[in-house]
């Protein structure tokens, strides 16, 4: 199987391209995704290739075009509305939460809603409080939705292709910084990655680090540093929040005895809270230390770089958390 | 008032419209009774008084045309061909209901009839209707999408966002505003700036027509005109139907705190069913006995539906986690 | 000098003029226990001997800091006693980590400030391990944050725990200290001192063996001077542990007797065919031995008793264990109430258990609750052997092979089939006389089977 190096954005673009070719029911919506090729270049060239019928530039109407996408999905097509900055998803909340998520259930199973909403996440670019947030936790909290958070080009392509074949509403979160900064091998042959399967990105014995999206790379860098101290860290990427691969997380913590959970969403009532609860219950008798959480500080994201970086999890904070987990314990 | 001598529509069509309006009226009255007897849970939002608008519009539609409805949607559903038995069962939360008891009074749907759901969010169906219009255009078979909404939704942002895209992309979408004068407990004129929705629709680049919402023939003619235009690809349009709801916002609200008796008496003089009956009799399409028979027959059917629904089982608890995902 | 000050610190006492430090052995009370003034609270070892140190005040042992095996200077704080009516200094001294801005995230860390509970703080994994290993958490000193006990603390304590041994088996303090230092499990150590007590040399030997086991496998050299280490299977490990425990704890003595097997052989011969055709079983000598032994034991009940620190535990149900040799190792399945079984049934059950043992299909109830064991190596040409007791049983009968041997009868030398029985017995339960009476009566029955009917 031959692979080539693609950036995160290129892998996403390739997934869209292949699926647009495969299924004529797939239509992309978004602001400046067509003629402009997308502000993050994730739809570059697709407008030229598939035309304005398949790649549609929408007015600035998040509620409008996401709501319209719900109706499009209910009447037999597979729309893919894009939310340019994940922060804007709040404008479409009713359509996602009250309409898309519930239509199948409320109609007693009469209809399916195959809609894939692509939204961005992540800060670190001095974009300010309203352009840097990561809202994947909100949607994992809504029954009827599926939430996907890829961390590598390989994962992004495989998971997006699966999303575009999924008959249910999917929220697909893409980290902005990773688009052009993260590269990775992607096979040329077709492959799909199923939802609900976590990926062990690095095996280890002494502590389990669970991380999502860009934080996976931060965690891997931290693990490298920890290895030099003789600490062997296992890094696990859940890849999808709903459905969640609880077993892999729990088994790992039963093995290592300690967990550090890293996420770029806010800490309070966020992803780290849910994963910590899952592990506390599933690995209770094997915990040798309290579970540590490293997430975005519970403040609006500041503009000024030193302030902004103080709020986002980084290697140093992950390493400190690992040290707390291992305090007074022997590595095995 | 339409000249009964020059009947603008087919007699059979008129009779059907009459039957459907009666069905709606009796259904709503039955729900009122059912609710007050405690035979259904939740809330009930009734549309008696508004029958002519949904019936007039839906009689201009094909079976494959779609509609979206509101929280006050029983009329739209019956007008589009919904059957009273599964509707009554759904209202009582029984497994034999249209949605297996999972939707309830505000969320009845029958996808096979093109009813894309009543909606508990004001304006909640507007996006879905626009999406259906988008798909209809893509299919290229002349299918049309109708969005029913009330005077309250007129001020929801979603209307303007979808209307903008509908005009931009020439979607076969017909907005039908049932202005029953009151947005919950407040008169619409106190909440809506300018001249109302028809004017706003025109400002956005689509036809905006107002019509007597209690004249089923007038509604039908206006709707037919706009629907046919949309079928031909001429884009969206807005129809504002002025009508009244006899009941309060929901059962339990008598509707008297914010409406006067005089006002309501005036409206009852323009009752849509009475006008239709007069037209039928005066045109010789139905005799008074046939009117009577029709009424009794529909009434009986609805009463049977009530009894049947009361006996039907609730959905088994095991079903609670079904139908979340496809 | 007082060992416990009224202000509730428990310190290393000065027990002699020249004493500067002492080695802490163990706590005699658990955290949370009430302590009366004058009660022994902990043990230390000075240059001279192991000494008990009393509490000098009433109170509750609220925190222990001293770890078994560690040396502390005179006056060093070993723990805290909380005095009635007030909070101890220990509670005041322990502050949860406060969140400072310099900390990683300047977020409230979430640890509330409340007084330390009396229960030892231990992680869930440490608690689980302590339950499994039978370690008392009060004996464990925690190295985790705020003194939390973590897994490796429990592991360390388990390794250095003194033998749960009866009073007659002793471990010298020096040996105990060395075992703790070297990480040697005293339960694995064979005692060579008087009465089976464990000496320093024994610990050193055990340590060498342990080291040898954990060294990495080296590829076999042509001369193969090093040998190849093969990891133990669970069965092997269990056998080693139990046999070591048995051999070191129970003082064994051995009685031997030769049996004239002529009548036994004839008996078997006569029963062989009928049992086969009527019951479908193949009668063996072991079956006959089981039969007679099982019926004799109720007449010598002490052979079924077991030693415990509290006293002799007496059993009446004749659950007889039969040693079975299999590829996976030695198993001892048990025939329950063997004295009530007919010969055919004995034969059938013995064969069934042996087969299941060979297939590795024995269930715990197949080998639990035995009170006496029979082991027969006659099939493997062994004439005589002394078996190690199957703990916690007090007696085991080893049977050798039946062989034609010369014997003297009526002052004439004749040839007769004979075999040797060896009875090993626990001298804590049985003395020579009692064991001998059993064995001699058994021999009588075997030589004259009809006597067993009397």
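Order of writing sets the chain letters: A, B and C. Residues in each chain are counted from 1.
Throughout what follows, contacts are C-beta pairs under 8 Å (C-beta built on N, C-alpha and C of every residue); 3 or more make two chains touch, one makes a residue touch a chain.
Fair warning: this is a prediction, and the values are worked out from it, not measured in the lab.
Novice: What topology does the chain contact graph adopt: line, ring, star, complete, or other?
Specialist: line
Novice: Comparing chain centres built from Cα atoms against the global Cα centre, which chain wins on proximity?
Specialist: Centroid comparison flags A as closest.
Novice: List the centre-to-centre spacing of chain A and chain C in whole Å, with centres computed as mean CA coordinates.
Specialist: 55
Novice: Any idea how many Å lie between the Cα centroids of chain A and chain B?
Specialist: Each chain reduced to its C-alpha mean, chain A and chain B end up 42 Å apart.
Novice: Between chain B and chain C, what's the gap in Å when you average each chain's C-alpha atoms?
Specialist: 84
Novice: What are the residues of chain C that contact at least two other chains?
Specialist: There are none in chain C.
Novice: Using the touch definition up top, name the residues of chain A that touch chain B in the complex.
Specialist: 53, 58-59, 61, 63-77, 79, 94-95, 98-99, 103-114, 143-144, 146, 167-168
Novice: So in the complex, which bits of chain A are touching chain C?
Specialist: 257, 267, 284-289, 294, 297-298, 310, 316-317, 320-321, 324, 327-330
Novice: Tell me, which parts of chain B touch chain A in their complex?
Specialist: Within the complex, chain B contacts chain A at residues 66, 68, 97-104, 107, 109-112, 116-117, 119-121, 124, 126-136, 138, 145, 157-158, 160-162, 164-165, 168, 322-326.
Novice: If we count contacts the way the header does, which residues on chain C are in touch with chain A in the complex?
Specialist: Going through chain C, the ones touching chain A are 104-107, 123-128, 142-145, 148, 150-152.
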